[in-house]
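First chain A sits with chain B, and in the next complex the same chain sits with chain C.
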Partner chain A sequence: MGDELLNLTIDGVRVSVPKGTLVIEAAKQAGVLVPHYCYHPGLPVAGLCRMCLVEIEKAPKLQIACATQAAEGMVVRTQSPQAKSGRMGVLELLLINHPLDCPICDQAGECELQDFTFQEGRPATRYSPHYAKRFNPVEDFGPDVLYVPNRCILCTRCVRFMEDVAKEPVLNVSERGDRAYIGIHSEGRLDHPWAGNVVDLCPVGSLLSKDFLHKARAWELDKTASICTGCSQGCNVTLDTRENVIVRVRPRSNLEVNRFFICDHGRMNYRWMNRGDRIEAPLVRRGGELHATDWDEALDFVASRMRGAGGRAVALVSPRVSTEALFFARELFRGLEWSGAFQVVMGEEAPLAGVPNLALRAERAPNASGAELLGYSREYAAAVATAETAAVVLVLDEPDIAVRTAGALIYVGTVLPERARDAQAVLPIANVAEEEGTYVNRDGRVQRYFQAKSAPGMARPAWWVFSELVTALSGGPGGHVGTAAEAFDRLAASVEAFRGLSYAQLGFGGAPTPVATVVPA
Partner chain B sequence: MGYPHKPHPKETLVLSKHFGEADARTYKGWVKRGGYEMLAHALTMEPARIIDSVKESGLRGRGGAGFPTGLKWSFMPKEKKKPHYLCVNADESEPGTFKDREIMRWTPHALLEGAAIAAHAIQAEVVYLYIRGEFTEPWAIMEKALAEATAAGVFGAIKLYLHRGAGAYICGEETALMNSIEGKRGNPRIKPPFPAAAGVFGMPTTINNVETLAAVPLILKKGPAWYKGLSLASPKSTGTKLFSVCGHVQRPGNYEVTMGFPLKDLLYELCGGVPPGRTLKACIPGGSSVPILNREETESCLLDYEGVVEKGSMLGSGGVIVFDDSTDMVYQIMRLARFYAHESCAQCTQCREGTAWTTKILERILSGQGKTADLDLLLDLAENMTGKTICVLSDSCAAPVVSGIKKFKQEFEDYIAGRRKPLLVA
Partner chain C sequence: MAIGVKVMKRPGAEISYLRATLKGMALTLSHLWRPKVTMQYPEEKSSKDWTLSPRWRGTHRMLTDEQGRAKCVACGLCPQICPANCIKLVPGEDEQGNRYPLIYEIDEFRCVFCGYCQEVCPEEAIHVGVHYENSEYSRDRFVYDLERLCAQTHPVSTLWDPSDPKGE
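For the complex of A and B:
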């Protein structure tokens, strides 16, 4: 690749692309999606499904768009009669051995074979019903992956992913001709920490997630852009929601962070978002007992306790809450002698060998960097010790509260741990799937996540809770923060590390913090 | 070629001159016949001079495609920056072809000498001879010959290795062969990059057929003009060619004739014609992958690259399969399709599914269950299988189907209409 731009025409649209660009990618610029199966931008080119046949002027025969590099003055026609007939031929052949079991197939609705057949396939097959279709039994490939060979179109995306991206070549193409199928190493399992990606890569319903098996139809799902909370990598994900329940997490492409992949730890890390034992109303201590109340009273209650408190304040926060919440929690203590800390659960690091700087990170927290940028320290034990004598102790969604204090304990969280029952007030907040906000990943990249489902009962985003408290304490109206965007922009305006960023500009891809990259501890 | 028959006066014995002489297999015997003189001479020559000679001789690839050999060699980088390789395609697996086998059986040193000269011409230090897995006897002979010649030190700095295939037809395709040498599944690779840019182990590679290389020492010895003079028809086809004739002829075997030799004479005079009481029906002139010729085309066909193309087929590998009037063409075509369906590497959709579907349709026709629409379907499938895949295996399956239906449609229709007794059980 170089700076040199090449000009070509695709279906009458002129585009300019850098030298080295493949025709299939150049076509996307022209607004043309050339149907394809084996091609995937995250995998080496195989050029074998032959689905992306297009006509290129001056070429003697049809060319595959996925393996042909753009050239100056090239004229590409994807809709010429020859190109369409070539692709129609491929579709018919792919379907002769493919069962028409879409009604019971998990892929239906998001199946590339279905989509392209609908788009440009034959209305009916010419394959005689008297011929048997290829049959092979379903195979158990790994902890979360089933292989349904009958649906397989041998595009080899899974084989190439394991070989060239995961660098653990446990899959291959076995047998030849129409007897071929995806084989697994006789002593191997598809249990690589990133193996689940083969399910997303599979263009048909041949590789299935056991976790998602028969759980929902694709067209019932609402898709929401989010950020994985599994570790500090900050992989971009899509949360698939069905009737207010998260049923699946899938990677969302971001070339700067996770390309097209997520690890299995992140993929499976969603059930807690659907927890039923949530705090649904604010609770305040009256007469030695916690009583449910409304937000007005709860906010007044907490504000009054804080207003009266003279002395030290301690905030023990979770590195899984939004940057905005961490910002307003800090604002709450403006003027007080204050210390804040968080703790990070550690695990094993699991890199994806074929992609630089992509791993399931040992640090299992999505927003540790955000907390650090906002002045929270990693000296958690010290903060817990300080809390004993503090006047006010705020615990923000940290279920593991081993804190004793003589002062007022305010617990803000999604669920109510046993120890939090000693709190003066308990304020219910939304979890990551129920609010908008941002996380800062280990490389200092600020990324937005969006709301996928509604919060239970009276739970509110934590940034709202704290910003309301800040407003109540400062004693005047006009300070209310109504949206996550406002919350972020407030933060960007007052914290040097975020200076110049705007919520709108973060968009779906995020942006690096202007200050030097956070150095992970 | 003579062996196992006596040479026919109309043959031109160049490559096959020493076939049948057990002594020629040994290093000493080969040297006695003037062997390895040209290699010693070639190793003192500028590589470019050798390439020029071969270009001038008009030698074209004998493996099937007929690409000019000298030109192919000249595609290798002139300035050597990476290791260069020469691959020798001795995977001769095209049905109906058995000429390379005879070269390896009788004149193994001719191949080794030609390979070493070619390696020098393309500045390769390593030669891989990829020998078909089923060739047990040629393998043993080649192994011995290589050991003897290596011990005699004739190859200089060039290293030659034998690599044995495992019996896949597709490994005769040049890039599949390279994958196989690398220890990978024998799948053809997409081109570009072409082997001269990135071949075996990703390095510049030239790949040549056994018969092509065996001719090289003689071209250097007798001069390109002599070789170029061996041409009876088109000046673009020079030298001699070994034809492996099989099927319904009285004397099947390998015959070496000058390019442009009439196919009719090869069949009727050299091979003794079809069995008594029979008449010629059809002929596949260049190995199973080329279109079938009918009797009229066969009898007017000249055997060189241009002559066979003129009749609508290809010279291919020179595997001549002869059918007399007792042949069931539908069955023969089904057998070919079944072969390709079995050997498809399963990469390209058209080939993986198309070869198998074609076979099923032909089997159904043979079992008396065919429909009239099946013929159009076969032709449409063949269209989809031609010119759209990584390699030409799919095209090879389509070629006999298309030519067969075009030229012997009546036989297909007889099965479909029930005028002919079903041959298979549905």
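For the complex of A and C:
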């Protein structure tokens, strides 16, 4: 494999693919999506739904594109009358027992059965309206998964995921023929930490997420590329937003990081992004009390406190804020005696057995590597102790601060914890869903996340807040930073670890830092 | 310089209004013996010559099942198709675990009475009604909630049937 390229023709388009490529993947290169149900690039090939029938010259019958390897000189026709009528027949059989309950099905709008039936199915059924469709009651499979057997088309993606990827074979196909359904082990539960992926894999609405059940229709959702904040793995995700509220997290494929999957911890880790008790205006201490004010005054206030401060400065930062914010927070202390630290919440590690170097990591911090690359240390307790005597203490979105200081405490965060009420100034910032920025995952890969919803009130991205402060303090060499791209380019220009990277080049898939070293798993 | 005004000399029969007045009176009197077309509206709402069209699109009505519950399954198609964006729907579950609208409100002031909601409804639940008397004492009464939509009793519209364009 690898170097050797094969040339074939698909629907009149000539493509070159490496040896061993399946026809269905080669067709994607030719810009043709062959309808399919059982095939999924992240799972072993089963070839049982028969949906991807295509005509291949010199083959006696229609072939399934998902289990046929490309060969030199092959001529494939996916849209010939014969292939289309073959697929139409398969669809008709799949629809015999499929209920007509699209209006109440959560999959409606993103259902492959709907899409392909609309695309090339029969316009009307040939079955009698009196035919009683197969009926089985809804089953509870696990903490977040419901099974609706009536809608199932038995593609077995869920069975193969649990068996070959999660390596916990609790699902199977029970019974035979038209009585077949997906069965669960009599003592088993679908409670594997990665089991939620079967919901995404299901091409129809047979496996449903209890968390998302009846919450929104697929066409109401705005989809935004983001990075999971659940751990230091940095899985690529899509945030689904409805009316400025995040309602669902789904995996976004990135072959370098998470392939097609995310764990259930990351999938459920979105409610905090919708918190209502946010700081909406900058607060400054005047006459012993915090008063709401505008950004101009708040930035002047903080800058004047910092300008007057001689002595030690301490930054206690969260490993959940963007790399750009961490960079500008560090720039703020240029010329001062400075120390920065972050603390990492630890949890249980949960690997996905079938995919190398993919796990829910014990370190529940999406940007711990970014903080380390920028010179923040893990000595959090020591930094808290130093903070007691420091002249300026900056706390960046760390809600459980246990810091007591004689100096000026500046709290920059999304919500206002009780302890932060002693601060000299409180500046509101946007959370990960409300701004653009980058994270560096545990393997040193810099990945961008995008804005999914609007920030409350006057909250601004943390990199903007710190860059304005830096400009105010230094008299502004380099000027104001207006976009996340400019913020990142400033970071890349001045930090060795990010040298040579540009924001545009990171794209949706991210790129490794020049100094990236793969941490052994 | 004064402007000279030319005074027309007309025959006496033309200057007199008597003739025209009598002519008008005669027309008015002749209507006393003609058939009546006026309907006594608030008392009388239809007559043998005029009824509201069965295709009339007026204020909405939600149809109910045998247990008196709305037939709506909260599929979300009517708020999606509504060109005036007047339908608010929050889906949820009822006691049996079936999909059911938690909130279903139609703002009749925003509604343009196009009837698309009825046309798109897969459950034949929401309908526009053959009804036109909608006066209220306050504006907020024009946002109809699910309870009120279910309580309406007026007949529902048949809409326009493409296979029977003249309604015959």
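Please note the rule applied: the second predicted complex is superposed on the first by the 513 of 521 C-alpha atoms of A that agree within 3 Å, B and C clash if a C-alpha of one lies under 4 Å from a C-alpha of the other, contacts with A are read in each partner's own complex, and residues count from 1 in each chain.
Here is the rule we go by: a residue touches a chain if its C-beta (ideal position, glycine included) is under 8 Å from a C-beta of that chain, and two chains touch if they have at least 3 such contacts.
These figures come from a predicted structure and were not determined experimentally.
Applying the stated contact rule after C-alpha superposition, one finds that A:R250 touches neither chain B nor chain C.
Of the two partner chains placed by superposition, only chain C is touched by A:R217; chain B is not.
Contacts of A:R448 after superposition: neither chain B nor chain C is touched. For chain A, the partner with contacts to more residues, out of chain B and chain C, is B. Of the two partner chains, chain B is the only one that A:L154 touches; chain C does not reach it. By the touch criterion defined above, A:I104 lies against chain C but remains apart from chain B after alignment on the C-alpha atoms of chain A.
Counting contacts as defined above, no chain A residue meets chain B in one complex and chain C in the other.
Listing the residues of chain B that touch chain A in their complex gives 168, 170, 185, 190, 341-350, 352-357, 360, 364, 369, 373, 377, 380-381, 383-384, 387-390.
Residues 102-104, 108, 213-217, 219-220 of chain A touch chain C in their complex.
Interface residues of chain C, counted against chain A in their complex, comprise 73-77, 80, 91-93, 98-99, 122-123. The part of chain A that touches chain B in the complex is made up of residues 45-51, 53, 61-62, 64, 67, 86, 89-90, 92-94, 96-97, 126-128, 130-131, 153-154, 172-173, 175-180.
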